[in-house]
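Each of the next two complexes has chain A plus one other chain: chain B in the first, chain C in the second.
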Partner chain A sequence: MTVESVAPNAIPIPSPAIRSRRRKRALTGLLLILPGFLLIAALIAYPFAMSIFLSMTNAEISTLLTPQFVGLDNFIRLLGDSLFRQAVINSFVFTLIAVVFKIGLGLLMALALYDNFAGRRTITALLLFSWVAPIALSLLTWLWLLDSLYSPFNWVLRATGIMDFGLSWLGEPVLAMISIAIVNVWRGFPFFGLMLLAGLISVPRSLYEAANLDGASGWQKFRLITLPMLRVTLAVLVLYATIFTFNEFAVVQILTRGGPENSTQVFATLAFQRGILSGNLGEASAITLYFLPVFAVLSLLMLKLSWKEREL
Partner chain B sequence: MNARGRFLILFPLALFVLIPFVWMLQTAIKQDADLYNFEGVPFMFQMAPTLKNVTYLLFETQFLRWFGNSLMVGIIVACITVVLSTLGGYSLSRYNFPLSNAMGIGMFISYLVPQALIFIPLARVMTALHLQDSLLALILIYPTLTVPFCTWFMMGYFRSIPRQLDEAARMDGADTIQILRRVIVPLAMPGILTVFLYAFVMTWQEYLYAVTLISTPSSKTLPVAATTELVRGDVFFWGSLMSATLIGSLPTILVFSFFSKHFISGITHGAVK
Partner chain C sequence: MKFNRRHVLIGAGAALAAPALIGRAAAQQGQTVRMLSRSHFVPEYETWLKELAAKFEAETGIQVISDHIAQAELAVRYVSEVSSQQGHDIVELIDPFTLLPVYADQLADVSDIAEDLGARNGGWLPVAENYTKVGDTWKGVLNYYIDHSACYRRDLFERIGAEVPQTWQEVLEAGVKLKEIGHPVGMSFARGADSTANFNCLLWAFDAAWISPDGADITIVSPETKAALEFTKELYERAMTPEVLSWDDSGNNRFMISGRGSWTLNAPSVYKTAMAQAPDIGQHIFHTLPPAGPNGTRVNYSMVYGYGIWEFSPNIEASKRWLTYLVDNWMSSYPAVVGYNYPGLRDHAAQIGPVLAEDPHIADLVGIPEISQPNGYPGPISKTAAEVAATYVLPDMFLRSVRSGDADEAMAWAEGQIREIQARQGA
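And then the complex of A and B:
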């Protein structure tokens, strides 16, 4: 055995040529993703950092003069602001109702579309209409559908003799909250149905075939196969739905503008009123930042779950 | 699930989804007197349909202008999205460089950042750039809504294209741009089309940024103009409003209907990857 012999498992040191090729490759990869990344950094990360700064100042929208630093005043004042507290409660109530029904109806839709049948593709596409139609325009239609005088739903209530006049869908506090939740569900559930359908399709059919051989009922198959296999997908979708429902703006702004008597005022509409309409950027930033802890927890959970799913 | 169970679920859901569209379509072509008729069955015509609302909208308002604004912004943003997410997705699918994982996670998180969290400071950023009230502001901002999801989507798509194809082309002396143009992009065309459509639909729908940043009537996008310009004070002219809603919803609904098979399988494919 000669001294020069190399141990068989030694890692070969790359030659300078290979190293420079690797460096070039890394640079190419970086350059390819950089344009998109910079755009996002400039228009998401930077404004985000700026909102933290703004929230501690008395910045106004109308002037670009250097705002004064006021520390945590905005945050502290908001805690004593009954309208803000109302908006926090409303946001939670709205999100809870809307997410439960979006996921629930989405799951029903996915289960009904799982087996192949004639017209399945057409029905799937039709159900997605509410999701692809521009939401602000659909909301005008809903505003008209829920009109206190001419609502066709009220006509049905009158025609069937259930009521003499019908309901003031957007004019009564509790009913207004239910109405905006219904409209949010209308818009969102088909998307979750589609995502859950994708999840259902990825469950191996052989599991159901084995259950059939064992004589399992439909409910048993759902509870013991479908739900456990969909657990991660469901969790990811619930988190996603929660983040975006919590920040709903268009539905509330167009249907009720937070009324009646602020009974449907939520985070985003309050921030819009205080920041854009009244011009108080500092306080409005503080309002949106109160959501940050919730967002951080939800998005970290989602990141973790999605990663786990990719590894499976 | 048997046919009866399917019907019991899908029929009410379809009714729920479609009633507003039926109501919109009807209102758009009803005569005013018919609209405000308290007694008649609301889902039927008591009088002959009319195109008066539609012609009023097209010729007496700036509707065509707003439609054009939305169309221009939508197409430009969709093109920007296609370019940025194709490059970014290709990078994430093929290259491993020190920051690639961090950048991938950054993209993922930025996809989750709700607009409501950053629209306040964005208004200030755009004022500082002298872009307040300009469609250019929307063209700059909208890709932040589409690029993160589309980059992830394209990454998944590129992973399904065998690397050997890249390597073979490289052996033949092609550089990265040539490989992308001649080999990868042609193979990824269905994915790229999905990205284009997705970006167009998302952009056409956007409301919060548009209503925050644009206030000059002639610069508004269609959804913002319809909800602000067509409503005078507290008076709603439902006939022309519903005409605007109908015509304004057509582009996304038509695009979606033509490519629905493609779109649905594309989106679900990207979701489960």
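And then the complex of A and C:
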């Protein structure tokens, strides 16, 4: 047994054996997290840093190895780019619609699944299907559902005599925007529902019992207990949903490719067309990073809010 | 045997290092050429390619490894290969998905083999030269291109007493009657390869183009373009149904194979798929040359598939030998891809007629090679052409005109878009 002499009010000095053991443990810990760290560095940090670098160059595919530094030129030039401006508007409209419905439907799902009832687990699993299904598969199904010739929705419209032909879901600008938002919401809301359900379960039941004793109505319990208790969870989920929806690519690219007439052109599809298909990597990087500062500030504010709530 | 932490760490290190070591060894060997192409929709073509590569290896000792991935994934793959300056030696350059000019500065000069192939085979057709030559330098070798021909139901045209439509005006006149009997004509207006091809074909037939032959002027605003836009609006309103506004690239295939459609523009995959899936419909589907415009101009928009060699490839000479061998043996692939692939060399084009004539459904397509042109025609192939195609300016212009009825506004919008692209691309 190692005995250490400790002066009153002094920090105890570990013996050399303990220090050596701690160093070894620290080294082992570092070695164990190294693969994970390297993976994150290679797959996230490096491309992110590369993207920032490229956004300030005139890099094209053909000059990728010898790009010239152009500072903020790409960002400034994009302000005068009509297609970029349209993509900004479309991205905000798409994000607003999709986030409101994803969080709204997610909250409804969480409230519906909060109480125990027969078949609850089966329903939860079915609701999660849209989120866990491979995106390529589910989007091919949506392509068929929204097909102008074979759409079952159009079949119903025709069969019921509401319309002669049906709707051109992906061929009309407003309908196309609504269609991609519906698909994005369909895919995303179960995840948010599950997160909110976890938040709901953590709300002490005693609060509801006390409210019941006071004769509170369902709406009062929701407004005065559920919502305040879920505030931090909701704030984090709104931020999460906003960032992910803002960067949506697969749904738009597969269903509309940004059409018709650029009415569903969003940042990710425009960046793909400009960067990968047309070769302007510098400009495409600038497009993807344009709103990074806004989201960075939003993220910090949300995190600050959640920490503040936790301290309270 | 017991495994401890040290074994795990050593194993992980070895696993990480192995691919790099194997890759280095393969590169040092030097007699292996790696080629990346899209997955061809005719599986027999890939079998033929594999057999040809084996024959080439037996004759030269150079091994050819031919990788195939989905067409849509090629562009992303090429960016990563260029940025790492390693990967395949030969890459497929597809109009309009991985358009050659985007990669031109990273491609080796293959003028020697292109000129040699041309000299030995009666010369290259315009579509081949226009797609693969950048300035005076050949940056690629055309392998094949696909037609965008007129596909029609012969029985339905006979029912309304119409001849096989040879002009856009005849398509309109027959289309009005065909729509009345429940069999409209159709072509996609939505974003995709088909709509790009449709509206290039139509624009060219009306003697219009978005670029001048020397590539210096934007010529989209013209009386010819306006005539094409006004004609298309009439064709849409009188002979089509709104479903065409949102078709993906397989929309017109489904339209014809379902038995509802009477005419569309597409490669013979429509007829061949119909024969396999719905022979009662397929037996009535025929293909003919794309329609001519008011002055008899008829141009086929070709989806072109060429090969280039990365400048950074350590196997440029071996790659050139393989590409020469591949194109020299082009005709031996033809039985597998008859009606799909068309040759870039004049001597080969002269030989496809008898093979095509064996199938009356596609026999009319013998004239395709002489009227074929790539993206950007009549201008030189350029990065501006790549972005005009990538951002679907032409299909959007036609859609805008059909929707608003204002051809002048649609032309002005397209001109604005193309000028912005040209200013960015600088070419």
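The criterion applied here is as follows: the second predicted complex is superposed on the first by the 285 of 312 C-alpha atoms of A that agree within 3 Å, B and C clash if a C-alpha of one lies under 4 Å from a C-alpha of the other, contacts with A are read in each partner's own complex, and residues count from 1 in each chain.
The working rule: a residue touches a chain if its C-beta (ideal position, glycine included) is under 8 Å from a C-beta of that chain, and two chains touch if they have at least 3 such contacts.
Fair warning: this is a prediction, and the values are worked out from it, not measured in the lab.
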item: When chain B and chain C are modelled together on chain A, clash or fit; value: clash
item: Which of chain B and chain C A:N184 touches, first, second, both or neither; value: neither
item: Contacts of A:L303 with chain B and chain C, given as first, second, both or neither; value: first
item: Which of chain B and chain C A:I61 touches, first, second, both or neither; value: both
item: Contacts of A:L281 with chain B and chain C, given as first, second, both or neither; value: both
item: Superposed model, chain A: greater residue contact from chain B or chain C; value: B
item: Which of chain B and chain C A:L140 touches, first, second, both or neither; value: first
item: Contacts of A:T256 with chain B and chain C, given as first, second, both or neither; value: second
item: Contacts of A:N90 with chain B and chain C, given as first, second, both or neither; value: neither
item: Partner chain(s) touched by A:D81 [first = chain B, second = chain C, both, neither]; value: second
item: Which superposed partner A:L128 touches (first chain B, second chain C, both, neither); value: first
item: Part of chain C, among the options 20-28, 74-82, 308-316 or 326-334, whose backbone runs into chain B after overlay; value: 74-82
item: Chain B and chain C footprints on chain A, overlapping residues; value: 28, 35, 61, 64, 143, 149-150, 275-276, 281
item: Contact set on chain B toward chain A in their complex; value: 1, 3, 5-6, 9-10, 13-14, 16-21, 23-24, 27, 35-36, 38, 41-43, 83-85, 87-88, 90-92, 94-100, 103, 105-110, 112-125, 127-128, 140-141, 143-144, 147-148, 151, 176, 201, 204-205, 207-208, 211-212, 222-224, 226-227, 236, 238, 241-242, 244-245, 248-249, 252-253, 256-257, 260-261, 264, 267-269, 271-272
item: Residue ranges of chain C in contact with chain A within the complex; value: 5, 9, 12, 75-76, 78-79, 82-83, 85, 97, 99, 102-106, 189-192, 241-248, 251, 254-255, 258, 260, 383, 386-387, 389-392, 395-396, 399-400, 403, 416-417, 420, 424-425
item: Chain A residues within the chain C interface of the complex; value: 28, 31, 35, 60-65, 77, 81-83, 143, 146-150, 165, 168-172, 176, 256-262, 273-281, 283
item: Interfacial residue positions of chain A with respect to chain B in the complex; value: 25-30, 32-33, 35-37, 39-41, 43-48, 50-51, 54, 59, 61, 64, 105, 108-109, 111-115, 117, 121, 123-130, 132-145, 149-150, 152, 155, 159, 186, 189-190, 194-195, 197-199, 201-202, 218, 240, 243-244, 246-247, 249-250, 253-254, 267-268, 271-272, 275-276, 281, 284-285, 288-289, 291-292, 295, 298-299, 302-303, 306
